[in-house]
Amino acid sequence: MVVVEFSIIPLGVGTSVSKFIAPALKEMEKRNIKYEVTSMCTIFEARSVKEALEVIAAAHEAVFKNRVNRIVTMIKIDDRRDKKISMKGKVRSLMSHLKKNRDECGD
Amino acid sequence: MVVVEFSIIPLGVGTSVSKFIAPALKEMEKRNIKYEVTSMCTIFEARSVKEALEVIAAAHEAVFKNRVNRIVTMIKIDDRRDKKISMKGKVRSLMSHLKKNRDECGD
Amino acid sequence: MVVVEFSIIPLGVGTSVSKFIAPALKEMEKRNIKYEVTSMCTIFEARSVKEALEVIAAAHEAVFKNRVNRIVTMIKIDDRRDKKISMKGKVRSLMSHLKKNRDECGD
Amino acid sequence: MVVVEFSIIPLGVGTSVSKFIAPALKEMEKRNIKYEVTSMCTIFEARSVKEALEVIAAAHEAVFKNRVNRIVTMIKIDDRRDKKISMKGKVRSLMSHLKKNRDECGD
């Protein structure tokens, strides 16, 4: 599994852009992709980089439908092959190490 | 307010890196910064870009303590001045537009 | 045309990573993609997002060949449809505006 | 030395944005920072992360002067401490490994 983050920025459509970004998420739902939305990006899991990038290409394309003429899309892929990774597993691992750090500091 | 995302990647310390990233979050807690951890990044709010970048510089520095010799840190800043933004507000806005998209499609 | 930037970070293979990144560029050359290398990223033009992402997926895959077990790949796509963009044209436009800024300031 | 890449995206000011980005570069010149402009980002060297982020904060702020109300700024920092890095040195190292790759493949 790969874990992937992306964000889509439409240019020249005003400073409120969520109306224009919503179709990207709609596109992911059409494809039955489970995703997590944050205030800065969308995150999802995929079986391969190829699959992940196809989903993002479709999401990116969906944003062009509403008279948007320029889009900057950012993508970050985490692809690990010596161990199975997942969105939940990555957060769990970080939190357990943070807990150890807190304990060591006597917090 | 600005909303800021960052991620810190330590190089050359193996493929499991959460142990090395945990001190960055510990540093944020010391400074009483409320943050959201996701599987791909950390997100927080700050009063200004200057304040946000000082926090990230300190988090970045904290990762060097455990014999880490190279770090790539990525930052994305969302700075809006015609309207107050927040992490919660941004997600709420996107979700309300997504709901409209779903309704229009008869879902 | 879309203009695309990407960078590939192999984890756990030491702090010197160019040996591991070189196969990504070799992969692009095999595909006759003209690219620009900078100290922080690789930039190229493609006819579509789909084409661009296929190239990057292949470059990303090429890096896994040398016993690399984890890779973080970042991508930024600039896709403009109201005007033809190019790597040269974008720099030229920015430089002409910078020149105006300098002139206005009496430099 | 750290090597730093950044890009500034003004939202809601049309699809042609170089006019709005030029003041960021003007700001760097005022501070005597040598930078490299590419079609996707600006790259420079700094003595520390702190210094680098101060420069970028100033560049980011400069873009707000021309009635821009929202900016997304992306930053990538490469901070290596077991060896001195530079923009030139990083490209040179990658190119020498790419040459070896080409030679091995009989190109």
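Read from first to last, the chains carry the letters A, B, C and D; within each, the first residue is number 1.
Here is the rule we use: contacts are C-beta pairs under 8 Å (C-beta built on N, C-alpha and C of every residue); 3 or more make two chains touch, one makes a residue touch a chain.
Please read these numbers as outputs of a predicted model, since none were measured by experiment.
Farthest from chain A in terms of Cα centroid separation is D. Contact count check for C-D and B-C (C-beta pairs in contact): higher for C-D. Distance from the chain B centre to the chain C centre is 24 Å, each centre being the mean of its Cα atoms.
As a whole-number value, the distance joining the C-alpha centres of chain A and chain C reads 20 Å.
Look at where the CA atoms of chain C average out and do the same for chain D: the two points lie 13 Å apart. Shared interface positions of chain C, defined as residues touching 2 or more other chains, are 15, 69-70, 72, 74, 76, 78, 80, 82.
Every residue of chain C that touches chain A in the complex is listed here, in rising order: 49-50, 53-54, 56-57, 60-61, 64, 69-82. For chain B in complex with chain A, the touching residues are 3-5, 7, 15-16, 18-19, 21-23, 25-26, 29, 36-41, 43, 74, 76, 78, 80, 82-83, 86-88, 90-91, 93-98, 100-102, 105, 107.
Against chain B, the residues of chain C that register as touching in their complex are 9, 11-15, 17, 69-70, 72, 74.
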